[in-house]
Amino acid sequence: MAMSFKGYALIGLTGAIGLAASASVPTYAQEKGAIKIGLMLPYKGVYAVPAESIDRGFQIALEEFGNKSNGRPIEIIRADDELTPSVGVQRFNKFVQSDKVALVAGVVGSNVGIALSELADKNKMPMVFVNAFADEITGKFCSPYIARTSFSANGFEYASGKYWASKGVKTAVTMGPDYSAGRAFIGGFKRGFEDNGGKVIEEIWTPFQKTKDYSAALTQAANSGAQIIYAFYAGAEAIQVVKQHADFGLRTKIPFIGDHWVYDEALWPALGDLALNAQHVATHYPSIETEVNQKFVKAYNAKYKQDPDVSAALGYDNGKAIMLTLEKLGGEMPQDRAKFISTMRDLTFDSPRGKIKFNAQNSALLEKVYVVEIVKGPDGKMQRKPLDQFPGAGDLPGCTKSF
Amino acid sequence: MSALEIRNLRKAFGGLQVISDLDLKVPSGQRHAVIGPNGAGKTTLFNIITGWQPPTSGEILIQGVPAKQGRPDLVTRGGLSRSFQKNMLLESVTVLENLRVACQAFDASRRSIFQSCRSFTDVVRKARLAAEQMHLDTVLHRKVNELSYGQKRQLEVAIALCAEPKILLMDEPAAGTSPDERTSLIKLINGLSPELTILLVEHDMDVVFAICDIITVLSYGRVLATGTRDQIQSNPQVIQAYLGQRHA
Amino acid sequence: MQPFLIQLLNGVQLSMLVFLLAVGLTLIFGLMNILNLAHGAFFTMGAYFGLVVANNTGSFWLALLVGPLLPFAAGFILQFFVLQPLAQRGRSTHLDLALLTFGLLFATAGAVEYIFGSAFHSIVTPDVLMGRVALLGIEYPIYRLFIIAIGIAIAVGLILVIDRTLVGATLRAGVDNREMVTALGINITFLFALVFGFGSALAGFAGVVSAPVMSIYSSMGIGIVVTTFVVVVVGGLGNLKGSFYASLIVGMTDTFAQAYLPEAELFAIYILLIAVMIFRPQGLFGAVGRVA
Amino acid sequence: MLKVEHLHTYYGESHVLQGVDLSVTTAQCVAVLGRNGAGKTTTLRSILGLTPARRGRVVFNEIDITRLPTHRIVKSGIAFVPEDRGIFPTVTVEEHLAIAYGASKRRPRRKPIEYVFEIFPRLAERRKSLGGQLSGGEQQMLAIGRALVAGPDLMILDEPSEGLAPVIIEKLEAVLMDIKASGTPLLLVEQNYHLATQLADYVYVLSQGRVQFAGDTKSLIANDDIRRMYLSV
Amino acid sequence: MSADVMLTSERRAGAMKPLPLPASRRAYAALLVTIGFGLCALPSFVSGYVMTLAVEVMIAGIFASGINLLTGYTGLVSLGQAMFLGFGGYGIAIGTALLGWPLWISAPVTLVVVAAIAAPIGAICTRTRGVEFLLITLAFSQMFYGAAIKLRWTNGSDGMTGIPRPDLSLLGMSADNPTVFYYYVLVVAVLSLLMLWRIVTSPFGSVLVGIRENERRMMSMGYAVANYKVGSFALAAVICAVAGILQSQYTYFVNPDAMSWQMSGEGVLMVIIGGANVILGPFVGAAVFVVVKQALSMITEEYNLFFGIFFMLVVAFFRGGVLGSISALIGKRQ
């Protein structure tokens, strides 16, 4: 039972070999010249589809700048956070300590975003979120090292609540995945809806990434007596819930209303006719007739032979904000890395979805939110038809730090 | 007072009556054997006495105290220790460690968490003594799974002795041993303190006669006869049930 | 009342799906004393193989028929060439084997991702089973009723086979006394491997059946296998009828917790399991007649 | 027809059989006697491949069966009645017979199951009962019946009389006599000296995993020393 | 207390024969010291990332050591130890973030609470054995995992952030610095290891080994086995909770994933890789695990596949784990 000394010797030997081996791992010499950007996205799992689009949009933005900033090449190092905070932390550490990146971009899940915000702050590593819409990211967890190039959940969904209340809907039941972003989106809708005379009767939360069969939740929702179901789901979860809503014959009883993630272009092949005639809020759709957007859509179409979805547009904005900031800084990451983020905060630029400005907590603000309907176009393909448009709402307060 | 007294013991598995109306008294210091054909209920009897199985009804007094059901550890603490028919040893640790753990069970140190076992030298000394008693001192630092079968049988008894019991139950201690091993085992057992009460289950009649003065014959869960060697050998019932008609 | 009825049906439907998985697990445990943590892997294999068949032929029914063949082969091979020899060498305890199958569970999820990527897939519901039927004042999707019917049919079929046929008698005999069955001239190793394969095939079958309702994705088997363990333990390890009733109990608990007590939906079944283990460690439906 | 040569068998490290030789010829009943732990049961288990021998040879009907798996050995024509009778508690009497019949390739009698019910009318009465509900005697009958339906060339019985009441043993003796008379050779391990000497033509006495005596039954009865040393009180 | 100690040391000098030891004992001791120095000096000659990996290895090693006490020493294979990893992390998070206690109060309180929760859980679980034990521990951990996802005041599946590292400003250091944190974890790991070493060589530990070897025999020796099993369960839980505290400090946050059954499975795997019932086995296992996982994730996205296969091979062919196999090899050659 007590270990023999032979045992010790073995352990010692093994340990020594292990140490020698680990010591001999070559440490990556900082390549002079290239600026390394760590791009962290959930390439696998329920958000694999938006992740892929973001990556593509990000590349389009970089190509616009010739993949160079002030003559220095840009190198993207990718990592998969698996939409799991603990994995995200490991990948982040690898970015910082092994890959020696200049900054980290990406991140879809707000759960991962929350975990990383603290880490970025402690490591003084600039972190430019592409999604991570939860209001807390730039509220409670705000940091001089963190920026978000998209928008906050409240800024977007408040308009949705307002729109549906204005359409005469009095009561709603909400459904969403039970995690930070889900709560933030549904919360935004609820504020907009109730501020304008609506009433959310019941909130149903399904476990994030765990629920595959929504029959029990949908049955409860249908039974709540509300006029509509308002939901936030994305990727695979969205397909699942929309299909099951139809399976149970609820389309005639209680409409299932969502936003541009529930009815994302990327999901149209899977949803088929179920997406048709859905009305939803959007920050971007391909046919927005601005010069910047048309240019982006063209470039995207040329490279990927399809129209960009909203995630691609957000990925593009993420890349563009980073490139513009680098340009302003002369292609150098400043010694004080907080300066990178504060430089970004001062940017104003045109993006496919409108003019981008940042607030004091480094979160991009929405210039406008569109309401669209999915219709069959003259070519028989589905497309979006604009119905209405609102100004984006402000972010929720909560940041106690000042920078 | 008897060292062990069994009153009116019954045990049934489902509808099958394994032990019925069994009474047995073993006075202090007696060497008592229980024999009987397979399926006579010997092992069940042992399991009930040692608290492994609850009786259907009846009472067991160890040193005058009723035995607690379902707690073999308390039975051992009450002064009754057993060896097993099939070796039940701590196979991958040393002989000394087996014995040390056995002795430690009766030492206050057994609950100590932050002191090395070796610092409790009393326990180690007792363990060494137990080993010497059963002639295992030459293999103290061998792992049990490296021992010969005979040595394992000796260790089986030695562990039971570490509890310093008043009553020792031995379940076929000689099963599977060679004649030499058997002879030495008998010698060792006969060398134990005469105050120790021994209850022995054994098939090998040579071993039984060499160790015990009183023999109880069990058949179908009942006591057929109790008596000395001669009484048993001349009992017609015993001859019929156990020894065979043509063979007495 | 109506929503309650729908939830009831939802519960039965989930129960039957879980039952299809639990059957194999409990048969394998009852006969071979192996806790097959890889059971979820066979669920995944069946679903993906069914998906391949459905994509190439466009037939759901063919997928349902052919999909389980791959898990059958995999299960047979696993038992006959890996688990059985390891167990026979006497070096591996049933816990080692359980851990080995744990590795297989993850290897399968990884392999599936390697081949099919991480996207979510679905098999289209066949036209016959599309739509809803009206009953007792509610409308319910036909496909989900189909799942219920399949579950009950397989439960009844299996119980009949095991209670009434020679093969069933041989299996019961194998549970009672494996060595004696060998000594009657029966190649029990082969027979058990067949049963292992059959149990795996049922898991694969469940994978195909569930595809139109739930998605097909690489780690689909990892989540559901834990629920299946709960069923198998609540029903009494190795007890076929027990696992049928336990499927119903667990499926209902899960569905009704989701519907009426969402705070507890993720752990209601575990509380159930722990309660059962405290009061009846041998499972609700005893150890009597383990397979039958 | 059965020849066992220099059989050495181990349980783990324990050397149980230390070179056992024995043989059974056609229409003969052979008994193996000895005390508990002498290696009798192990000898049978080694013949059947349940505890394979490490060294030595078992030849049956001119085929070397030493390394064959048990089910193949049984299929080659050996039927086994184990010491604990090996009755399946959750299987009915009828099914017991059906399983054994189904497993054997040879189908010697037209209706072997009916034949067993003829020999053991008690079993016919209980054909729907589960194995676990049978009494000890009924279980023993079933175990023998189950061995018979396979139509074996050799029957091996391990202590058939164990745990049976004397009346039942008498009945058992009669049945075994019949089987012997019908031409099926028997290999029998027995502690019941009386039964063994009644049935057997030839006797082996085992002790310490070795054959200590081999000879016809008469010579054993005549040999007091052997009986005293290796068999009983 | 001190009288006792004196007594025993007197006895040691007097009565106990010195155990026969190999002459090379000093050489082994020297080797151990060398390793110690090596670990202390590690930060001065490797990159920050290797140090981060070393931190991960040590934390995983402590976690696996807790499992080893239960699995390797007591013979109870649990698939639910991750719940205590999570308890450690959540305990510290609740103490510091929700209740506002300082770390030096939160940490010991967490460990005490974990022991208090683990004891009744252990009492229920250890009534079963083998596969049932495996499944009931799994059920318990799944239950807490589910509860952690659902609980609002611990932020549900998002988990809790802002977990502080120790305040070392008195020493003029900040634990946010990777090197300082490395030393902090090293110290805790060595202390945990020493504690574990104490436990397994103690009388209590020898009873646990006895239970692993033959539970029935231990009962018939007079041990109230059930109590020891519960004790072992609770101690193992505390060690796992220590790892949980470190893990949450390392990442500054904790979420329900810490309690997932995959996490428990990985812990068991580390024990098996390293060699069960060897005190350093879990650390070796953790090192192999972390390094292999890291290497695989650099080479391929599909490390689940290779990892699963690796797992199967280890279980099937290297029962004694790395240390056990090396030791068996050397044993054969001698």
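Should a chain be cited, it is by its letter among A, B, C, D and E, assigned in written order, with residues numbered from 1 in that chain.
Just so it is clear, contacts are C-beta pairs under 8 Å (C-beta built on N, C-alpha and C of every residue); 3 or more make two chains touch, one makes a residue touch a chain.
All figures in this text were calculated on a predicted structure; none of them were measured in a lab.
Distance between Cα centroids is largest for the pairing of chain B with A.
The interface with the greater number of C-beta contacts, when A-C is set against B-D, is A-C. Work out the mean CA point of chain A and of chain B, and you get 73 Å between them. Taking each chain's centre as the average of its CA atoms, chain A and chain E sit 37 Å apart.
Chain centres here are Cα averages; for chain B and chain E they lie 41 Å apart. Per-chain CA centroids place chain C at a distance of 42 Å from chain D.
Multi-chain contact residues of chain E (touching two or more other chains): 149-150, 201, 205-206, 209, 301.
Listed for chain A are residues 1, 43-44, 207, 210, each touching two or more other chains.
In chain D, no residue touches at least two other chains.
For chain C in complex with chain A, the residues that touch the partner chain are 2-3, 6-7, 10, 13-14, 113, 117-120, 122, 132, 139-141, 143-144, 213-215, 217-218, 220, 223, 255-256, 258-259, 262, 265-266.
For chain B in complex with chain E, the touching residues are 50, 52, 71-74, 76-77, 81-82, 84, 88-93, 97, 100-102, 104-107, 109-125, 141, 159, 162-163. Residues 21-22, 24-25, 27-29, 31-32, 34-35, 38-39, 42, 45-54, 56, 149-150, 155-159, 161-162, 176, 178, 200-201, 205-206, 209, 251-253, 255, 257-258, 277-280, 284, 287, 291, 301, 322-323, 326-327, 330 of chain E are the ones touching chain A in the complex. By the touch rule above, chain C contacts chain D in their complex via residues 166, 169-170, 172-173, 175-177, 179-189, 289-292. Residue ranges on chain A touching chain E, taken from their complex, read 1-3, 5-16, 18-19, 22-23, 25, 27-28, 43-44, 80, 84-86, 89-90, 93-94, 97-98, 110-111, 114-115, 117-119, 122, 141, 178-180, 207-208, 210.
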